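Here's a structure for you.
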Amino acid sequence: MRRILKYVILDIIKNKTIIAYTIMLALFSWGTFALEDNVSKSLLSLLNIILLIVPLMSVLFATIYVYNSSEFIELLVSQPVKRSKIWNALFTGLSISLIIAYLVGAGIPLLLFSDTGTALIMIAAGSLLSAIFVAVAFLSSIITRDKAKGIGISIMLWLYFSLLFDGLVLFLFFQFSDYPIEKIVVLLSALSPVDLFRILVLLQLDISDMMGYAGAVFEKFFGNQWGLLISFTLLALWIIIPFYLSLKKFKKKNL
Amino acid sequence: MRININLARKLVFIYCLVCFVHQHSLSTILYVGEKEQFSGIKKALAASNNGDTIIITKGIYKEGNIVIDKSVCLLGRDMPVLDGELKYEILSIKKDSVTIKGLRLQNSGRSAMNDPGAIKIYNASYILIENNYLHNNFFGIFLQYATHCIIKNNTLKASQKEEYQSGNGIHCWKSDSLQVIGNRIYGHRDGIYFEFVTHSVIWRNIAHFNLRYGLHFMFSHQNAYITNYFKSNGAGVAVMFTKKVIMINNTFEENWGDAAYGVLFKELSDCYLSGNRFYRNTTGIFFDGSNRITAERNLFKSNGWGMRIQANCMDNKISRNNFMGNIFDVTTNGTLTLNEFSENYWDKYEGYDLDKDKIGDVPFHPLSLFSVIVERNPPAMLLFRSFMVSLMDKSEKIVPSLTPETFVDNKPCMVPHDI
Amino acid sequence: MITIKNISKQFGRLPALNNLNLELRQGECIALIGPNGCGKTTLIKSILGMVLPNEGTILFNEKDIRNDNEYRRSIGYMPQIGRYPENMTVGQVIDMIKGIRNSDEQTDEELYDQFEIGNMLHKKMRTLSGGTTQKVSAVLAFLFSPKVLILDEPTAGLDPIASEILKNKIIKAKSKGCLILITSHLLSELEGVASQVIYMQDGKLIFHQDVKALKTATGQDTIAKSIVQLLKRDRA
């Protein structure tokens, strides 16, 4: 597995799309930090960009990469290696490469310009987000053999997590505004890795005081070390579950 | 004739001078201290007459409750310490024209029954309390039925952790014509507390890190608050049920918390605010049931909400202020808007100025859709900075549908006002 | 060496293999032929474990290949179209496969030398022509001196010289006692190489015969002609 992993990473980090992605992230981050004198404001702008671009890039790139590697995967399967090792190596390789791109592009300016705590949370969560959407991509690319369909599914999932899910939450807020639904919403937010990430960063920026009671519930839940641990566990689950499902399917797949 | 008048004037002047000196020569100076004439303050007080000066030399005095019932001047030399041993009210002033200067007053009694303070004024006028250092007291300086008093350049520090264990720094009740100037208040319950206090000036005070409010007043009409500094108080500043207040050039900073406000205006009317600065508060100003308030040339910067105006507010004029870097500049919970915005600078304004008169050519709607949603449904703040909310706000900017059309600044400024 | 027992495979409703039985012995060079979509590739992929049959078993040296991957150590596979990660260099691909095999045996670098792969180790896979990519695939298939060689359209896209080199290599391997399975559309390519012919249609086995026996039975002198003859007779 390590052999395959090494060459997969070597292949991906030389990929032009990944290089462009890294440069774009770097431009955005340096740009927002340089143009805005208020660090927390630039963190918020950066957060917006990261929340949109990191998932989209990760899911699209990984989906296309998996489809383009189908013949390569066949070649690997004809070798004396377990299928799970191949799938693992591809997943790890893609995740690591995208995380490297994120770290180089956004991580360095974050560490330089913002306070260490917030920077570390954003780096950790952004890296997890990259891996999560690679896992999502693996799932959608194993569901169908058709590349166009697979990319479509990936984009739909991205759209769901970035946009539709929030719409749903807002709808719930209004529908049940007469009931104490704050705690339920806390649970609900765990159902979208993008939201979980956003809320983690917002809590770092003291926004919770503006959410009234819900903010207090959130602060209580996510503000302490246990909450942080739980949220990162949840984010990790978002990697493990889709990937495990895809792996199960890949083991039985006809190539 | 002319010479005579001049001469008469001179004579009158000399007579007055003689009278003045004569009167002074009648008053005596009493010294208190270990090696002095009087070993205790109480003994000196007993021996004194109206108009005498008592000079307290360096030392620690634990004399329980000292009642000042003569018009004397109490001067500390080298900051003598008057200790209340956590049992007594230290100084009780019950006579007009008393001066307290240069003392260190510490460890007053603690009781919610009779609210002991380090210095308490009962029913007296023309009191001057200046340059004292008050440490670890329940109430600091407590005035009731006091008029024409000056509280100046005192430092008050307390270190209680809980509100109920703590009294207010400068607490005034049913008083008139006070001057509270240049005091520093730290760690009390409320920094400055006024109830039924009128015609007073509050100038150049600093109230920071108090447990509840930096400044808290109610039913206190026609006072002026000038160049005070309120920072990081538990709940900021709250003022209620009052008319005709003037607030100029004050700073309200870092009052961050669920129920903390730069200033909370509850049932205030006919007030004038100018040149005040609001930095990094959860809410800069919260207007609740407040009418006919003019707010001009104030700065709202980096707050959660610059201003929150409840629907029960009318005829307020918000003009020529700067709104910069706030998460929400203005919100309201109503649909009808009876307040007027004009010529403010909004950093979120994206309009243009073709005729170069520094006034934007398109009106600005300071109310964002998301702020309206959050006002109705605070937990929705959870969606802050999500892609969907950005999209919603953008589309609302282009085609306003849910935010009130009348909530508008028709003359938004292109450049910030010089404040 | 490889025994195929009653295997069937459907893709959705489409049957690709229909109750197929085959016995492939060591030292044979078997030409796998048939019209497009007859199930040749599915058969190959089943043997390689890429396609999992719905029914039946495949035995490799009397061992079921299901849930096993070690048997593939003895197989060299050359795919019909080789596509490799774009930014990998030729050298990296070869290194990686060597790494996966992780064998201590001396590698067979005859094709490597003959195709002059050494001169292009630093080239990225995406810059290679189809023929060159095929050369890399061929090198990889023969590199570990496998007991079984599965070659899917091996000469497609190769220039005549390379094609000849590969053919010689196949014959050499056969003489060493390897089992070789070749699919090709060009029956003439198989002349002089193949010792047996398997003809498939619609996922079914039509016949599996020795080349010599086939030629004698039909009275023809080439594989191509004899098969045409045979099919005509069947239809008549």
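First chain written, first letter: the chains are A, B and C, and each begins at residue 1.
Quick note on the criterion: a residue touches a chain if its C-beta (ideal position, glycine included) is under 8 Å from a C-beta of that chain, and two chains touch if they have at least 3 such contacts.
As the structure is a computational prediction, the values presented were derived from the model and not from experiment.
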Please check whether dropping subunit A from consideration leaves the other chains as one piece, and if not, give the groups.
-> B | C
Measuring between mean CA coordinates, which chain is farthest from subunit A?
-> B
Indicate, using Cα centroids, the chain positioned nearest the centre of all protein chains shown.
-> A
Computed distance of Cα centres, subunit B from subunit A, in Å | 49
Return the distance between the CA-based centres of subunit B and subunit C, expressed in whole Å.
-> 91
So what's the Cα centroid distance for subunit A and subunit C, whole Å?
-> 42
Taking each residue of subunit B in turn, which ones touch at least two of the other chains?
-> none
Hey, which residues of subunit B end up touching subunit A in the complex?
-> 256-258, 260, 282, 302, 304-305, 325, 327, 373-374, 376-391
Spell out the residues on subunit A that touch subunit B in their complex, using ranges where they run on.
-> 38, 41, 44, 47-48, 51-52, 162-163, 166-167, 169-170, 173-174, 177, 181-182, 185, 189, 194-195, 198-199, 202, 206-207, 209-216, 218
If you look only at subunit A, which of its residues touch subunit C in the complex?
-> 3-4, 6-8, 10-12, 14-15, 68-72, 74-83, 252, 254-255
List of subunit C residues in touch with subunit A within their complex | 9, 11, 45, 48-52, 69-73, 75, 77, 79, 81-88, 92-93, 95-97, 99-102, 137, 140
